[in-house]
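Two complexes, one shared chain (subunit A), two partners (subunit B, subunit C).
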Partner chain A sequence: MIEIVLFIVRMAPAILFILFMMLIFFSFRIELKEDSMSRFNAELADSLSSSPLMLHRSIFDPQKLTETENIDPKKIIELYAYNCDFGYNIEVESIGTTICSGGNECTGFCNSVCGLDGSNIDMSTVGTLNGNCGCNIEVFGDNFCQCKKPGGDWQNSYKWHYGYEPTSASNKQSRAEFPTAVGIDGTVIPATLTINSYDTVLTRLTCVTAKAYEIKSKQSVTLNTGGFASQIFERLDPQDTHVCLYDPTSNPLECRYFPGVTFEKLTLPETSKITVTAYPAKRVATCDEIKASPSIIAGVNDNVATVVLCST
Partner chain B sequence: MLEDIGWTLIVLVVFEILAIITIVVYWQMSVPGSDAESISYSVEFVQVYNKPYMLAEVLAHTQLTDRQFLEQAIEISAAGSVEGASATSLPVGVKDFVQSYINSYTVRNYEISISRDNNEIITIDNKILKCGANSEGFCRSKIIFGSTCDVGYVEINDNGACGFTEACCSYNPATYAATVGTQKNIAVVSCGPNQDGVCSQGRTPGSRSIPKRGGNICDYGEILVKDPVCNTANNGDTLLCCATDTVEPSVVAGLSTRSVVPLLYKNLVVGTLEVTIK
Partner chain C sequence: MDPLHWVFIVTALTLTFVVFAVNPLQVGIDEALRSNAELQAQRIASTINLVASAPDGTTYTLELPDVKCKINITSQFVTMHSVPAVGIELQYTISVIKTSTQVIGGNFDCKQNTLHLRKSNGVLTITNS
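And then the complex of A and B:
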């Protein structure tokens, strides 16, 4: 009898000790402060500051900015720096205005800022009501040059804006501003580079597709698709450099610059949370065929004909 | 039987020791000011701060008066003085140029210095609230009750730099300590990585005209530096570690970042250009 009591007396502390160790184990916390979007903004600014958009490092070339902006009529483009995880748009805007006393002093400004030359510049009514270039006369303060890009609004500073513009809610988004400059007529004028980056359903879909295509391995991503039901992720024209989320009537809702990757369209289901798996395939196939015949999935040494997107 | 009793006693003794250690550890974690924490592992990626480099690159190509900034900076380093490089207008030109970034909120505070052999030849910054005979103080709004200047600071003649409702406060722990017991009754406790700060009572945001006590931000012209030594200083009355908002404490606290660019002339480093941005 006493042996049983002694056994219990020995076992009780041992069990308590084990429980205590379990408490310590399960209370162990790992805190990971990745802050990936802020890092992305800084790295993107760094990449852009040494890209072909520059005259010198961190000094933008107005001509290159205008050319890049005009590559796509909708200005949805992500050139020279790209991260498939996040879509971004940039805005380069000079700080301050160009002071003038008459419209003729603004031709250089209008050419640099709005890309207007002898073929399309219109300085009628001093550019304030009609036309697209002129000197804005101020009652108080200095007069300043202003111009209007085709289809754009009047602007009195050097400003370029292009990139990905989400129309749906983002999972995450971030904004950062950097001190840069624009090189004009052999000197530099201060400017601000603003980067807006987004993590959305479209960026995740494009990223998982690109990874499967480039890495030649199956990739998965989880999406919150509430509000995206029946939207279709596809590239309507195979020659197009953009992909979009379309509504059932093929009306584009949101697009991203995404050239050079072939994939099969995906219709988002009604469920609010899905997992999309992207399979690199040797030929066009359905999800059922991929599951029934895994040999369709491309290996490291195979050519990827297309990416098949399957949702569960 | 004796063996069973012996082992049982040993187990009980070991358990009691473990229990006592556990109680002591948990008690220490609950003591105010203790830096003991429950078991955790924190991984924080180092941030990428490239703004100072970008500003240095822009400055390098900027035409200020008759010559580019970079050319003037190299000449200042080589000559050892602004006058020797005929660049006396450089500070005004740089201030005007960088002010545009301040106005557009791209940059909050900056300090640009040109050095040679670790000796600063010229420093250009936007700390416009300096005061005192040698710009050693900062203008601070006067409060109605108690002392305007924070712990470790004493009020000095502002030399006309501060406004009517402001006082000029200069960091002088020795002089301040001489007043302990007569006016403030708060001991000066140095804090911060380089002992640049002092444990302070802080102030409440938006309440600059009431006594400073129990606030959660440092006074104007100061920055908050994390240091647990203040948790127990002055019986917990001075919980914040506040340092004068100069470059070094600001960089150490991670609030400002600095780029150091070598100034080269004929493949020789003649000096350095340092750009610090907050």
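And then the complex of A and C:
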């Protein structure tokens, strides 16, 4: 008996070694990290660098940036480069300030940066209290031009910001900065392009709807809807350019630029996780009608009248 | 038998096993990557995004995975239907970045091996020949 025990004790290191080797072998697994949002940011920067926003490749046109920013009063616009999977906002900001000795040296700056011209420029006060354009006098260091866009804050560098701004938590989000330039009065000044991209409940809803509408086949997406109970995904925008998540009193909570797709509204249930299926339909229908009569679903050769969203 | 002998035998057996297992494992990984609809759709969408923003005259030839699959490319989406050697058919749709460049796609089969992308006069044309 004692010999058997001693044999087991002597064998223990060997058994442990075998177990260790087995653990190493069976714990082998492949993990594929796609990092799709970082890739999207880089590709979006590349797409924007050759878009109509540019004077030349990678040199932004201030006038086009101001025009784009002013298309929507809330600046929720994804123009010239649109990707339905991810919503994004961009910020273009010049590096450095414009040195001045008096307010009248800043009119060009105020025009380029804040879109102020003879009709709306107000240089009544040089400072930060009144007016919307002036030369900020510094006690130490150089004086610099600054201006204020309608409804905005004072800014002393060329800065534009527009795009999708989620108000709810994102499933994923990413931020990236790229070197760029802005063409001002015949000169090129260095700037930074910052892209923030988001994967949210609203981007997923818009994208599954767009996919069903264009590909003409049913599409599904899983959503974590904790905190979204009773919110309504619909288009109430009279311009037909934006969609929003509304509260039950039709107050918009979060909106996204999403033109050209017709769909039926969806009220999000109280469950924390749902699957939304988007059906391209030949006519307006309810989810029950779609399930009872699949012939309502548009095929590849049919015209899609609307997209019906059903949650389970 | 002495425990050291056991360790020696087990190590020898394990190493032999590992040596013979690495190759099938590598083949399995390659097959999994090739037939991964999501990965392949992303690869195609990325190429479209890059060529769409490239100067006129840019061309690119994209090699398709050597698996049974079908690809549908529209102006906004790339859909990949992949049938792996083992398992069920997988489908994944990804959006491309919509810009002022018009994308002319179509339906393609992976048996055709390559996709040719050509940007000319602001239009990106995708063909398989």
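Here, the second predicted complex is superposed on the first by the 279 of 312 C-alpha atoms of A that agree within 3 Å, B and C clash if a C-alpha of one lies under 4 Å from a C-alpha of the other, contacts with A are read in each partner's own complex, and residues count from 1 in each chain.
In this section, a residue touches a chain if its C-beta (ideal position, glycine included) is under 8 Å from a C-beta of that chain, and two chains touch if they have at least 3 such contacts.
As the structure is a computational prediction, the values presented were derived from the model and not from experiment.
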#### Entry: Which superposed partner A:Met21 touches (first subunit B, second subunit C, both, neither)
second
### Query
If you stack the two complexes on chain A, which partner ends up touching A:Glu3: first (subunit B), second (subunit C), both, or neither?
first
### Query
With the two structures laid over each other on chain A, which partner does A:Ile59 touch: subunit B (first), subunit C (second), both, or neither?
first
### Message
Applying the document's definition of touch, where does A:Ile30 land relative to subunit B and subunit C: first, second, both, or neither?
### Response
both
### Message
Quick one: is A:Ala81 in contact with subunit B, with subunit C, with both, or with neither? Answer first, second, both or neither.
### Response
second
### Query
Touching A:Glu214, do we find subunit B (first), subunit C (second), both, or neither?
second
#### Entry: subunit B versus subunit C as contact partner of A:Pro13, first or second or both or neither
both
### Query
Just subunit B (first), just subunit C (second), both, or neither: which does A:Asp46 touch?
both
### Task
Could you let me know whether more residues of subunit A are touched by subunit B or by subunit C?
B
### Message
Quick check on the superposed pair: does A:Thr180 touch subunit B, subunit C, both, or neither? Answer first, second, both or neither.
### Response
first
### Summary
Residue overlap on subunit A between the subunit B interface and the subunit C interface 10, 13-14, 17, 28, 30, 32, 34, 39, 43, 46, 49
## Note on the structure
In their shared complex, subunit C is touched by residues of subunit A numbered 10-11, 13-14, 17-18, 21, 25, 28, 30, 32, 34, 36, 39-40, 43-44, 46-47, 49-52, 80-85, 207, 210-211, 214-215, 219
#### Entry: Interfacial residue positions of subunit B with respect to subunit A in the complex
1, 4-5, 7-8, 11-12, 14-15, 18, 22, 38-45, 47-51, 53-55, 57-58, 61-63, 97, 100-101, 103-107, 277
### Query
Which part of subunit A faces subunit B closely enough to touch in the complex?
2-3, 6-7, 9-10, 13-14, 16-17, 20, 24, 27-35, 38-39, 42-43, 45-46, 49, 56-59, 95-96, 177-181, 183, 186-188, 190, 192
## Note on the structure
As the complex stands, subunit C meets subunit A at residues 2-3, 6-7, 10-11, 14, 17-18, 25, 29, 32-33, 36, 38-39, 42, 46, 49-50, 52-55, 72, 74-77, 79, 93-100
